[in-house]
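Step one of this worksheet: look at the structure below.
Letters A, B and C mark the chains in the order given here, with residues in each chain numbered from 1 onward.
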Amino acid sequence: MPLTTRRVLRTVESRTGGASPLTKALRYVFPDHWTFLFGEIAMYTFLILVATGTYLALFFEPSTAHVIYHGAYAPLRGQEMTKAYASAVNLSFEVQAGLLIRQVHHWAADVFLAAITIHLMRIFFTGAFRKPRDVNYYVGLTMLVLAVLEGYVGYSLLDDLLSGMGLAIGNGVALSLPVVGGQLGVLLWGGRFPGAGDFFSRLFFVHVFLFPVLIGSLMAVHLALIARPHHTQFRGRGRSERNVVGTPMWPAYALRSLGLFFAVAAVLFALGGLVQINPIWQWGPYEPYLGTNGAQPDWYLGWLIGALRLMPHFDVVIGNYTLIPNPFWGGVLFPGAVFGFLYLWPTIERRWTGDRRIHNLLDRPRDNPIRTAIGAAVFTLVATVFFAGAADRAFVQFGVPYEDQLWGYRALTILLPVLVFFVTRRICRRLRASGEHPGRGSGAVMVRRSAAGGFEQLDPEHGGETADS
Amino acid sequence: MRRVRRVAMGAAALLLGAFAVAAWAQSPSTSTSAATETATAASMAELGRSSLVGQGRELFETSCSSCHGFEGKGVKGQGPSLLDAGESAADFYLRTGRMPLDQVGDEPLRGEPRFDEKDIRALDAYVGSLGEGPAIPKVEPAKGSASEGMEMFTESCAGCHGIGGKGGVVIGGYAPPLGEATPTEIGEAIRVGPYLMPRFSEAQITPADVNSIARYVELTEHPEDAGGFGIGHIGPVPEGLVAWLAALAALLLVARLIGERAGDDRDDDEAEQPR
Amino acid sequence: MRARVLTVLGWVWRYALAALVLLFSHRRTVARERELPANTRAETWTASLLFAAALAGLAFVAIYAFDDADTQLLGLSIAVALALVAAGLILAASLVVPQETLEECRPAFADPTEEEEDVEDAALTLREGVDGVTRRRLLKAAGGAAGVGLGTAALAPLASLGPAVGDRLGASPWKDGVRLVEENGMPVKAADLEIGSFLTAFAEGADKEQLATSLAVVRVKPDELELPEDRAGWAPEGILAFSKICTHAQCAISLFRYPLFAERSPGPALVCPCHYSTFDVLDGGERIFGPAVRPLPQLPLRIEDGFLVAAGPFSGAVGASWGKVKEEG
């Protein structure tokens, strides 16, 4: 070991007493499974969001003041727009590498939410949310909610035609909350839509400081709550509820993780340079009296546009006054129900199974057919509504009439989750009995030795287990 | 029933046509532009145009009158009157293959034109001769302003056709993508208001405005893709697909490369026994 | 026989030893396997990848220094640099550095018996902190009250974020006599509108961004109209005006369908591009498709000197519904 390392360590130790914790950290054991890296992908994407976002914040002007554009992009010249939109267009065309950073930031946001989604799915289907990690699960869910809102606010800052329409809908949804909706809408926007003059600087502050600090703090708590009980692991030889078997942090795991960070960065920068995202100069600036066909929100809000389009046209009216306007069902109740399910699931499962033990070993999805089936059904519901949101593009692409699609999707949202529940449960039971790998299929046959000494083959459907769990 | 009528009309048209040809056997049958006009040329043009109208009438009787009626007066429940449609409407519908319709009540959609250039001009002339409808506009995108065109397109057209001109749903119909529309077709559609499209007078959208709108539409066919591959220019839907199927898929592959898999460790066989 | 006994004893001894070791090896990591790659080829590769990454990084800087650097080249160069580093690190992680599998004990805090002891200690420590305090309930109540009072005070300024709703959500510039103007400010001439036409108009002198200001003005054939009796004169010469803002979620209604051949096509209607709420214009804005519930508010018009002028306020509330909005029949 070179002398400089020792000198640094001595300095750290004498100031902080940190040498021993450092050793512990270096020897910290990470169980190896590729699905355990999903959360890291999300975390590294977040780091890139913060880095690129910092750069962008130095150029963006969150101002609703109107200007006439005289910049580099000819088709916008002479058009009136807000300074917010103009500064974003300038950033894209007149700041060196500005468009690259902007696109990396936006791609990172899309990928961030995709990574959190598959991470959540991994946690759910392996039962990692069980004690002692249920609190951490709530922390993670809260980060997901914040991330969705953060993304929405972020792309709405640019005041382009598409995101402006999205803000109008957001205001409509806010207004739809029973009793408090009117005041809430006026409070958030500083008045009626499109809002007071400071609305964009308000959004800017929320996007650039408030939510990132919240998400960052929760992430630190999230990591601490993972590190403390140590990461979960799958069953295997030598693995129990009381130990962790895997790779130590130093050197292999740290290098692998760092490698993953650079891979995430590489993918995001490749996309940011090569694949266009949110070309706001093609959409034009937003005004409340303008609209375009085919306007869509970013993918992680697709389930909400689907819900708003699918819900049949009814309000709840008391006397002559509207108690619950229509956007409430799709915009508040539906996401509320889905997140409510997610938040409540650990409690529901605990009550149902009566299992209050700690679990450091993970289930494979097949090991808990009911949980897996219910999770798959809920996911199917959300996915069906999500795809319904793009029915207008499907019409343009494939010619299926929009009105027919709506009815088809409405039927599917009811039928498909039920079907998926039963099919998934069956598959899980079948896999458990047969011991097959779902992807590979071992071709192995289950046998049992009888008392007489011969072997009898077990039927994978009915052999090998007693009661459902 | 309709077939018999069509055959009868066809026979009548043929007779009329034969008579017309015989009557005008001496005159030249090509149409001429209005650019150079001497007295003789003018009368020649008159005759030429008349013969074009005559040819158009023939074609009309055979191909269009079953729905649009004798002399374009319209047939109730089948096809509208074309008396004030003008050559602009005929040109638009015929050039874009929207007419003739396969079935009454179908939405007219762009397709291969059923008539060749000569016949289209003849039919245009005939329909134009029926009344006071708009003439084929002269649209010059180069004289328009892309910026003004974008503003006007946003206000009057993007609601149905999408800001990028990629088309979209209209409840009850379909607003098509504008990629194949020529500047003339754009100008014609604006005045005619085909199928469910609104129409705009010259006071509301002037010929200069039409030039600008056509110029903007041309731009949407080759948009400025400073950011790289445009993935269809329809916004967040393909972007989401790329985020999942390209970015996340790539990162999952990297994760699989880095991490251990359940089957890798031979000692994991215990894990796969049923419990 | 002896051999078998020895085997069994040996078995018992090993497991007892193992049990002792496990019980008392609290938080100690025990190395299980360690493999030293000593792979010079992998090392060479790693070094090459990292050097190549350095070059790619420099390439990025060089491209950046160019005037008008192409976004694609910038992105490609930095992405290549990052990818090379990633490849080098991942390669090193599996083929250059020692490969170890370790086993570590988990902290036992969630173990029920340990949990109880520690919880008792903590509870006791907390309780000791209030030894000798006599009127605990009084102090607790006072503390709670102070918390509520100051908490409310801390949250109160949030109310300044926006005004009280009051009449704000119902504000409208339209009343009898207000002229309609186009986006450029020019008054709207009735004769400029063809049958089947669609125009966005505003109240003269009003803020265009205000929701109630913008209108969708359309023209139909006067004999097509099916307006209710109390709106008989609202559409002079077949010209109708509606609020441009959808009553579902406040998007701008920017689609208008007007049939060229009414006998075989859907009737004239205004459609919203967001969720496709459709409003029939002939009967005064009733909803005929989509999730909107309230009809589209209609503005009565009259023609003065050839210009379009409002003849009164809207027939209903503009924008999305909320608590104080009346549903019309």
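Keep in mind that, in the parts below, a contact is a pair of C-beta atoms (placed from the backbone, for glycine too) under 8 Å apart; a residue touches a chain by one contact, two chains touch by 3 or more.
None of the values given here were measured: they were computed from a predicted structure.
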Note to self: most contacts are between A-C
By Cα-centroid distance to the whole-protein Cα centroid, the innermost chain is C
Relative to chain A, the most remote chain by C-alpha centroid is chain B
Between the Cα centroids of chain A and chain C the separation in whole angstrom comes to 12
Between chain B and chain C, the Cα-mean centres are separated in Å by 38
Per the C-alpha centroid definition, the whole-Å distance linking chain A and chain B comes out as 42
Within chain A, the set of residues that touch 2 or more other chains is 99, 103, 238, 256, 259-260, 263, 267, 271, 273-274, 290-295, 392, 402-403
Check: chain B positions touching at least 2 other chains come out as 155, 158-160, 168-171, 175, 226-228, 254, 257-258
Residue ranges of chain C touching at least 2 other chains are 71-72, 75, 86, 90, 93, 200, 252-255, 273, 276, 289-290
Listed in rising order, chain C residues that touch chain B in their complex are 71-72, 75, 86, 90, 93, 183, 189, 191-200, 218, 252-261, 263-266, 269, 271, 273, 276, 278, 289-290
Contacts from chain A onto chain C in the complex sit at residues 27-29, 96-97, 99-100, 103-104, 131-132, 165, 168-169, 171-173, 175-176, 178-179, 181-183, 185-194, 196, 202, 228-230, 238, 241-248, 251-253, 255-256, 258-263, 265-267, 269-274, 287-295, 305, 308-309, 311-315, 317, 320-323, 325-327, 330-331, 358, 360, 392, 402-403
Counting only contacts in the complex, chain B reaches chain C at residues 76-77, 79-80, 104-105, 155-156, 158-160, 168-173, 175, 192-201, 203-204, 226-228, 254, 257-258
Per the touch rule, the chain A residues reaching chain B in their complex are 32-38, 41, 73-79, 92-93, 99, 103, 107, 110-111, 114-115, 118, 161-162, 234-238, 256, 259-260, 263-264, 267-268, 271, 273-279, 281-284, 290-299, 302, 364, 367, 390, 392-393, 395-396, 402-403, 432-433, 435, 437, 440, 446, 464-465
Chain C contacts chain A in the complex at 29, 32, 64, 69, 71-76, 78-80, 82-83, 85-90, 92-94, 97-111, 158-159, 161-165, 168-169, 171, 200, 202, 208-211, 213-214, 244-245, 248-255, 272-277, 287, 289-294, 319-327
